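Heads up, there are several structures right after this.
There are two complexes below, and they share subunit A, which is joined by subunit B in the first and by subunit C in the second.
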Partner chain A sequence: MMSEFVFCTGQYDSGDWDSAPVLPANIIDSIARYTSIAVAPSGVNIPLGSDAIFEYPFVYLTGHLPFRFSEAERRNARKLVDRGGMLFIDDHNHDVGGVFHNTAMEELTRSFSKPVDLPNDHDIYRCFFKFDDGPPTTSHELNGWGDNLVHKNLQAVMQGERIGVLYSSKDYSSEWNYDPDAKRFSTVDNTRFGVNIIVYALTR
Partner chain B sequence: MRRRLEYVLRGAVLATLALMLWFASQSSRDAQSAMVDSHGVGASALNQWSRAPVAPQRINLQLTSIPSRIERAWLSALAAAGSVVTWRGGLTPVMVAIEPVAAPHGGATARAAAPDASAIVIGDEIGALDSARIRQSGATFVLGAASDSVTVRANGSVASAALRDSVSLRKVLVIGAAGWEPKFTAAALEEEGWKVDLLARVAPGVEVTSGAPATIDTSRYSAVIALDASAAPYASRLTEFVRAGGGLIIAPPAAAAAAMVTLRAAGPDAIVLEKRGAATSVAAKRLGAGRVIQIAYEDTWRSRMNGGDSAVANHRRLWTNLVSNVAYAPRVARATANPADDGTSVDDAAPLADLTASIGSPTSAKVSALTGRSRSSWTVLLFLVLTLALLGEVASRRFRGVS
Partner chain C sequence: MTALDRVRRTQRVLGATVIARSLMWGIAITSAMLGLSSFVDARGLSATIVVVSVLAGVVVAAAMLWQSRRFASVSRVALWIEEHVPTLHYSLVTALEQGQSPFTAGMDATIARHDISATTTRAVRRHLLPATAVLVIAVLLLYVSPSGVLGRSGAIAGMGRLGGAAGIPAGSRLDDIGVRITAPAYAGGRTTNLDDPSTVAGLTGSTIAIRGNGSADGLTATQPAPLRISPAGRGWSISLTMPAKPTAITLRDRSYERIIVLAPVADEPPKIALTSPRRDTTLRTPRLVVPLNANVSDDIGLTSGYFEYLITTGSGEIFKARTVNTPVVHFDGARSSTLSATLDLGSLKLGEGDVLSMRAIAQDGNTVSGPGIATSDTRTIRIARAGEYDSLAIEAAAPLPLDTSAVSQRMLIAMTEKLVAEQPKLSREELVKRATDIGNQEDGIRRRVQQILTEAEGAGEDVAEPKPGDQPATVEEMESPDVISGAKNPDLKAAYTALWQAVRSLKIAEPSPALPPMRVALAALDRARLANRLYLRGAPPKIVVNIERVRMTGKDKGSSSVRTPRSFADSARVDLSRRFYAMVDLLEKDPARALTELALMRVQALQMIPGFAAALGEVSDAIRAGRDATPALLRARRALEAPPEVRPLSQWSGG
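What follows is the complex of A and B.
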């Protein structure tokens, strides 16, 4: 029996890592709904600085507050990405001038290298559902909070041709942080891009 | 009584003279023979024997090392020209074979044979690479890509071999349900230089691919890795692929699929390659022109993620070794290495066997005991007997009146 995919939210010391507590259940629901990927029915919260993090090659990180790794967290984040894992970091403020974005960019540049814009025809937009215009816009980008901009690209730290760290200013953490049962009221499931992120992480 | 003694002494003198005469005739016959009692053969001796007006009737060699390839060919030519060439000496048999590894990083596997417990040293043109003590008549060395010719030395015997072929590799296809194992298996192989296509089943009838997956045949793929039941729909195509020479690696979830039953490396045809305790962890079988390896390992990605500093390298090595062992890798001939000017050759894989094939097996010590120095010892002994017998006979006659 092959191991199943477990959605892992990374705990880090500096900020509010648990600011989107319902998002994992919603993404797990979408994976089970649209794919045959073996997925654990509930996610886990694992300290990024612990050795247990290496059981989970995909780690989701979010927050509103200043973002900075401890030494152990930085060491583990580098090791996880070097060995083929992937971090998905989402700015819950959707604010490119905000504290999370600025500190996260500094931390990523310090820990890896400066994130670069991901082309909107990248494989991650085509590996399962098709997103011809790149990252889907969120309803939260123009909600009057944050920078009130539609961010055209995601950023990434590349490991060769593979995404090692995917960084988003789109605030998917707000967009997807609702009970999965509420999907029945939507004409288009806005978590579909979340499925692409997981499929990409599992196949590239 | 005295007279009888004189008769006996005269008889001994005559017998000794006859024997010495016979030895003399033998010596004149052997005057045309050549005796070599030296370390090796030597180009000057070979020159001398070859240029003599009459070829030596007999060449007896006392060897302490195996003659070079050219010297063996020369001796073989002398034997063909009519000389009886014999040899003796306690030479150590040694042989080496080298073949390319079917992996992108190249390299070679050298297999050496020598008597049990022999200490052997393997090296290339730069110097020694490794050493080993022979067990069960053989030793295997895995060499880097830089070594395309090797020498093996054991107790003064030297064998050498050069790679004659390189291999032509195709891509590797990894088939599995979208998950960490297919992803990290493909990653490990790509990091080792393999070109990999990944066919990951994501939903019923939906497969996510990386690379450009194509029809499964030996013109496109060297090996296929079937990680789970996602490979079952391809079972018949995989069977044809293996029968045509392709390699297949089956992980436990794939082997459990009913459609894969003919491909399993199990039953009397299978060879156990590795065991963990009582359980078989790696087994192989031949199917047509190809090979199948079935492994008992699951979730190898965990060792890569959780292990120490060498975990990633070990994970890569695990998968590349498995693939190398089954990969369809047609040989491509390399430029043939030429013998060196000094008579040594870069390709002298089994010199003692070649010596035996050229001029025969070593002669026994008893045959050689009648020749050489032993003959001169016999002559001295006979001369002593002759002298003593003559003196005795003369003295007997001189003292005939004394009582």
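What follows is the complex of A and C.
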């Protein structure tokens, strides 16, 4: 029997894992709006170090502060990816020289392997909506704060042909962190790429 | 009067009767054939039908004459009289044959007692009455035929043409018309000639001259107001101006009718696109030189263009606005061009919170309904207020190429590294210039850090915020790190010290020694930035998404009444669809009416569904040329009805 998808935000001991509290609801709204995936109406926050994390095939991690896994978190993260799950880590600072980026890169290299640039014609950009130019640009990338750069690629730790860990410097955590009711004021829904990430995580 | 005289007189009467009867039958046959043909094909009588009809009449008349050739002989006429007056007992024939006989006088007396004239008159009446009746019926048939051949002299005209009679065409004067379209002067006044068109397309305001053959008498033209038809040489002409909306000219020549559709082509206003600046942005200081560029194009020709700035100052509900235009650029009728200018924000004396809106404007040379004016998108540059630096919500906006005020410490490090790499190839002057530029920008960061530090120490009033137009400080003017207290923020103090060292090295054109303190400053600024942030940990808000509402499946409890589909909202399209199918039915029964309906539908469709109007034109042309109109009709139907909707199954639907 197929259970409904539950959006899971991973709690980690270091940093501010809850810096984008409205994002899960927004992505849940988009999944309900565009797909026929059975989806739970609210997300859950699960400690990455607990075994409960294995009930969720997709785990979202974000923050501004130094990013370090505890031993239990590192062990569970590896096990989750090995079992076919997917981690999505987004730099809420959108700053490639920032503390979150630097520490997250170190942690991912230590826990998995060094993330590599994900080609912009990867399946994740076509699995539901089509993004011909790769990851959609966020409004926070070029507004004079952060690293002032438009990041051409996402990065990933590959698990065979599949993405095990998806890493973003684009600050989708700021871009999508608004109440879903506000979508009706947008000409183009900027959370569509979030749907692609979920669809990819659930089908590959 | 002798017997011979009586016979000759009868022979003349009978001869005339035979000739008259033959002619009447011949004309009747010709008329009947023309009339019936026009019933079959109301588009008009072709030359072939006219020839065949006339030949048939001639053959019938000749046959009847041949059949009555016996009246050429006197003896045969005498026998005819004997046959109709039996009481003569061959005395007439005998008198003719025995003219020298002594009994001739007696025979003449006997003949004189009989009334041969009355008999001849009865015979003439008997022969001519049926012929006259048939002729009258045939002529009436011709008169009431759809093309009205007789009364409107159509058939006669056809015959006239066959006979090579030049001059006024006796048939329809609406065939073989020519149309000359002269574009308005501003569009170059180009002239186009069309032969026998059903549709006349041209720029609104074009002069249209329609010319035809024959006299102008009796011709009418409406649009729908009556148009004046003037004699022109051996023909007629109508002159009018292309209206702004599609319409039809109805030409009438007796019972002939012809509709010409006028399809105006509107002069499009110019198209203009602002290519620089590409995005809206917000600046911290109004020090920027903005290149303004716009691409302009027009379907006919451009005349002029310029940039317009609107500067809005104020806040709350009190605003002041002033508009400034750049000098007008003349394009002299070019169809595409570019508009360029440079805007120095410093010259506009902008202050905090001011908003500068800019756009490009161009116009064409339309003197008929214009000029067409186009305006580009508006770009906005806003000068931020000092207190909103940490809370600005700015839409995605790329920094302008010269927006140095937003350059970050990281970018300055990159620029310095590049300068160090290129240093061996640079002249001393170039090195000094580039190092000083970087040093000035680094000094801006130093001054901002100094301000934050002094505010934190409670001495903010002693340091002024950098203002637009301020000159960068010299090395001697820079406040020494020794006088800056960092008790409350040691990271910022370390950053200030490093920045001070970096600025000093850069301003004496020594970029290499400047790099280490620049990196130290960056690290210290990062530490200070993070240290100042407070993240209050707590349970994040639990937001429950109403999935049913999002999927629009939650509130519908069903309906007790049967829902019926609503009528097609596009009533004009429905009306056209109904008329289209009625016209298709008419094509078989009444082609002339169908053609008229086609033209009227085109007028209605030209503005609503141009594709449908074009397809109707093809139908009309095909019918007039005698080609198969089925493909054109199919195209028209496809254009009229919405294309089939393709709905692929969602991969989530299980399909």
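Basically, the second predicted complex is superposed on the first by the 203 of 204 C-alpha atoms of A that agree within 3 Å, B and C clash if a C-alpha of one lies under 4 Å from a C-alpha of the other, contacts with A are read in each partner's own complex, and residues count from 1 in each chain.
The definition used in the following text is that a residue touches a chain if its C-beta (ideal position, glycine included) is under 8 Å from a C-beta of that chain, and two chains touch if they have at least 3 such contacts.
Quick caveat: nothing in here was measured; it's all calculated off a predicted structure.
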First, second, both or neither for A:Leu166, with subunit B first and subunit C second: neither
First, second, both or neither for A:Val22, with subunit B first and subunit C second: second
First (subunit B), second (subunit C), both or neither touched by A:Leu48: neither
First (subunit B), second (subunit C), both or neither touched by A:Phe5: first
Touched partner set for A:Val81, first subunit B, second subunit C, both or neither: neither
Touching partner for A:Asp179 - first (subunit B), second (subunit C), both, neither: second
Dominant contact partner of subunit A by residue count, subunit C or subunit B: C
First, second, both or neither for A:Thr35, with subunit B first and subunit C second: both
Which superposed partner A:Met105 touches (first subunit B, second subunit C, both, neither): neither
Contacts of A:Ile89 with subunit B and subunit C, given as first, second, both or neither: neither
Touching both subunit C and subunit B, counted on subunit A across the two superposed complexes: 35-37
Interface residues, subunit C side, partner subunit A - complex: 282, 392, 394-399, 406, 408, 410-411, 522, 526, 530, 533, 535, 537, 540-547, 550-551, 650, 652-653
Contacting residues of subunit A [partner subunit C, same complex]: 9, 16, 18-19, 21-22, 24-25, 28-29, 32-33, 35-37, 39, 41-42, 45, 64-65, 97-99, 137-139, 141-144, 147-148, 179-180
Subunit A residues touching subunit B - in the complex, by the definition given at the top: 1-5, 34-38, 51, 54-55, 57, 80, 82-85, 127-128, 199, 201-204
Residue ranges of subunit B touching subunit A (in the complex, touch as defined): 176-184, 187, 198, 200-204, 206, 208, 210, 227-228, 253, 298-299, 301-302, 304-306, 311-312
